[in-house]
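So, here's a batch of structures to check.
The two complexes that follow have chain A in common; it is paired with chain B in the first and with chain C in the second.
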Partner chain A sequence: MHIADGVLSTPVLVAGIAMTLAGTILGLKKLDDDKIPFAAVLSACFFVASLIHLPLGPSSVHLIFNGLIGLLLGWLAFPVMLVALILQAMFFGFGGIVVLGVNCLNIALPAVMVGALLRPMRHHIPAQLLGFLAGSGAVLLTGIMVSLSLYLSGEAFSKTANVVFWGNLPLSLLEGVISGFIIVLINQVKPEILKGVHSNV
Partner chain B sequence: MYKHICLIFILSCCLVNTAQAHRTKVFAWVDGTSVAGEVYFGGGDRAKGANVELLVGEQLVASTNADEQGEFRFERPQPGDYQLKANAGQGHVATFVISADEFLDLSGSAAGTIETQGAEHEDEVGFKNRETCAVLNEAALVKVIQPLRNQLDQYEANIRWHDILGGIGYILGLFGLWSLMRTRRG
Partner chain C sequence: MIETLLAPKIISEKSIPIPPKLRVVLIVCLAMGTVLSTSWLTLWLFIALVVYLWWRSDLTVKQTIKRLLAMDCLILFTVALIPFSVPGEPLFSILSFTATKEGGLMALMILFKANIVMLTVMALCEGVDALTLGKALVELGVSRRFALLMQFTVRYIGLLYLEFHRLRQSMRVRGFKARNSMHTWRCYGYLFGMLLVRSFDRADRISQAMKCRGFRGHFLSHEHLPVTKREYAHFAAYLSLICLIFCTSLSSFNV
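The block that comes next holds the complex of A and B.
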């Protein structure tokens, strides 16, 4: 998921930076005072989730939790993930510095999309299913966005898309199940978190 | 109770996996006359079948795929400054540089075998022998140091606890700062 420096073409990089900037500004505008501690905790959670890493096929995958963050925070996903991605790039060398914009867009935009789609349904479907759909849907969308950025930079789309899709399918199922459990847990322990999220739509 | 079990599970996940990361690395060395190397992800998982390119400047010289162990080898490249570029797919790209002085200087002994056919002076042959000895010594030294260099490279890719805790600290601190700014303005 973390694309390295020197892979993408300049137009893709610039577009990524511009869109991430726009998303981050929008997110910061929606960041109410009472949401700040919660956003900080989820940002830390995302930061650590990328370290839980599973060998899978020729590549290796790690949890992202972007579906969960999109469901709970909406547009706040942009600033929350940007902070964590900057630190990951600086401390661990996950992905490059110039591609931060594209990497953040690839992870945060699916989060926002999944959140916008699923949040209205949260009272109509069981919490487990809600978490599963958010988790797996966001990972698949991120996979598509990663292949799209590689394709726009000149790699053969069908090949990368194939690899990314099949590589991400097991991850998306796993992430769906784990996100499902987390949503169930949140629903039991602090149901007001799920109820209160509509203020950020 | 359920809450606590979940918390313990999540924490233990973090504990087990702190040594693993998602950073691609390529490491290579001169092995005799060829360039050997390996592609791996931070934490030590090998990148099977990754595409590896040998470049001079921006020019592609040779290309190969890593095997099941993530290892690759370029046979007999000309000594020179090389860049290696490994692509493990999905934007996982890593680069590595091999400089010309890592290659063993075989030119002296190779040229010697031809020259000695003409004038066979005793001390000249002795000099060539000494030179061959030096080359062999150097080769042996490189072989001994190699595992150490490997280990150092992998150690550098590992993630350590203080990095993770520092990162979490940064995140909470940044949001705290933001919160402070908001309350001052309000």
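The block that comes next holds the complex of A and C.
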């Protein structure tokens, strides 16, 4: 899902940086000091999930968790994803530096959209369905956005954009299924998390 | 792999004498220069500069190649189809798809650019740990909350990873084997769910404990090292070098 530096065209890069900056500023405004530990847990979860590979068909994939993060955090998804992506770029060399804006936008905007759509419905639909819709919806949107950023960068990437979009579909299903089970468990063990993160104090 | 993130580090004596916050600025400038340039001459000059920076850092050849190759596999996937999508002089063909020279060169240039940026990050980040990076970002004017979020995240990554391995091990002891089945996915779902629930509880306990100790939203730090004139001079020199190299690319822009 990471796009490396040098691939995208300048207008796409600039648009990505501008929108990520706006989203992050908005997210940080909503991030009270009390919420920082919880946001950090989810950021770490996103990071750790990227290190864990699950079998899918003949290959293995890693989960993104952006649907889950959007469902639990809303706009906070932007700073949360940006932190994890900066750490990945700086210490593991995944992705790039200039392309950070686009990479963050591609993952965080679907999270925010899924969160905004599904949060009002969370008490009206079964937990498994909620998780599935959040997980698969967000990954599907991410796939579309990654393809779109490649497509907008020039004719040369149109084939790659196609491959990314279709290759992303099974991943989106898997993410949906697993997110469904995650939400089922959270709903049974600690349902207050779904009401929004806040301290017990 | 995760050790690269969590281990405390110090910048070695041999490395260029530039403090972390100015290193971050240099990384961003060098990355931007590389991404925006369109001429091969500029890229070769950038490679020379980055290899010099790499030589000054403490990285071993083995480490470097291992990390570069890991990323290159990912990039190869992105650029593999470009030679077949760009029209131009045909080079070779596989199954009626023709690769062109122009497309091949474009793919090669992307590969070069990505590797230059990666090597820059590796060379300049060597010796800078995640907590120092957080501090450097605050010094550069990034929001205090953002840096705090980063520092907390680094702490939790270690904890979550350990917790994950504990849970995973207990599954393995019970005979769990990952397959392509609903059972596997359900188990992984519950595993991640449990991880989240436990981490939320832990986050709550930590934030309460920190409040008890008088935490008011920022970490106290004793080391406040002002940037010396020598460091500024080095920084200015490298920055102008980057600008100069980038200028060699200007002629190739069609303005």
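The rule is simple: the second predicted complex is superposed on the first by the 180 of 201 C-alpha atoms of A that agree within 3 Å, B and C clash if a C-alpha of one lies under 4 Å from a C-alpha of the other, contacts with A are read in each partner's own complex, and residues count from 1 in each chain.
Simple rule for what comes next: contacts are C-beta pairs under 8 Å (C-beta built on N, C-alpha and C of every residue); 3 or more make two chains touch, one makes a residue touch a chain.
If you're wondering where the values come from, they're calculated on a predicted model, not measured in any experiment.
*Asks:* If chain A is used to align the two complexes, do chain B and chain C fit next to each other or clash?
*Replies:* clash
*Asks:* Would you sort A:7 into first (chain B), second (chain C), both or neither based on which partner it touches?
*Replies:* both
*Asks:* Give one of first, second, both or neither to describe whether A:177 is in contact with chain B, with chain C, with both, or with none.
*Replies:* In the superposed model, A:177 contacts chain C only, not chain B.
*Asks:* Of the two partner chains, chain B (first) and chain C (second), which one does A:169 touch, if any: first, second, both, or neither?
*Replies:* A:169 sits against neither chain B nor chain C.
*Asks:* Contact-wise, after the overlay, does A:117 reach chain B, chain C, both or neither (first, second, both, neither)?
*Replies:* Touch status of A:117: no partner.
*Asks:* Tell me which partner A:26 touches in the superposition: chain B (first), chain C (second), both or neither.
*Replies:* A:26 contacts neither chain B nor chain C.
*Asks:* Touching A:129 in the superposition: chain B (first), chain C (second), both, neither?
*Replies:* neither
*Asks:* Report for A:50: first if it touches chain B alone, second if chain C alone, otherwise both or neither.
*Replies:* Once the two structures are laid over each other on A, A:50 reaches chain B alone.
*Asks:* Between chain B and chain C, pick out the one touching the greater number of residues of chain A.
*Replies:* C
*Asks:* Would you sort A:84 into first (chain B), second (chain C), both or neither based on which partner it touches?
*Replies:* Both chain B and chain C are touched by A:84.
*Asks:* Report for A:186: first if it touches chain B alone, second if chain C alone, otherwise both or neither.
*Replies:* After superposition on chain A, A:186 lies in contact with chain C alone.
*Asks:* Jot down the residues of chain A that show up as touching in both complexes, chain B in one and chain C in the other.
*Replies:* Of chain A, residues 2-7, 31, 33, 36-37, 39-40, 43-44, 47-48, 51-52, 55, 83-84, 87, 91-94, 99, 150, 160, 163, 181, 185, 189 contact chain B in one complex and chain C in the other.
*Asks:* In the complex formed with chain B, which residues of chain A make contact?
*Replies:* 1-8, 31, 33, 36-37, 39-40, 43-44, 47-48, 50-53, 55, 58-60, 62, 83-84, 87-88, 91-95, 99, 146, 149-150, 160, 163-164, 167, 181, 185, 188-189
*Asks:* Per the contact definition, I'd like the list of chain C residues that touch chain A in the complex.
*Replies:* Where chain C meets chain A, its residues are 1-2, 4-5, 27-28, 31-32, 34-36, 67-68, 70-71, 74-75, 78-82, 84-86, 103, 106, 109-114, 117-118, 121-122, 125, 130, 133, 143, 145-146, 148-150, 152-157, 159-161, 164, 178-180, 182, 184-186, 188-190, 192-197, 199-204, 206-208, 211, 217.
*Asks:* Which positions of chain A touch chain C when the two form their complex?
*Replies:* Spelled out, the residues of chain A in touch with chain C are 2-7, 10, 13, 24, 28, 31, 33-34, 36-45, 47-49, 51-52, 54-57, 63, 65, 79-80, 82-84, 86-87, 89-94, 96-99, 150, 155-160, 163, 174, 177-186, 189-190, 193, 197, 199-201.
*Asks:* In the complex of these two chains, what residues of chain B are touching chain A?
*Replies:* That would be residues 2-3, 6, 13-14, 17-18, 20-24, 41-43, 45, 47-50, 87-95, 157, 159, 163-164, 166-168, 170-172, 174-176, 178-179, 182-183, 186 of chain B.
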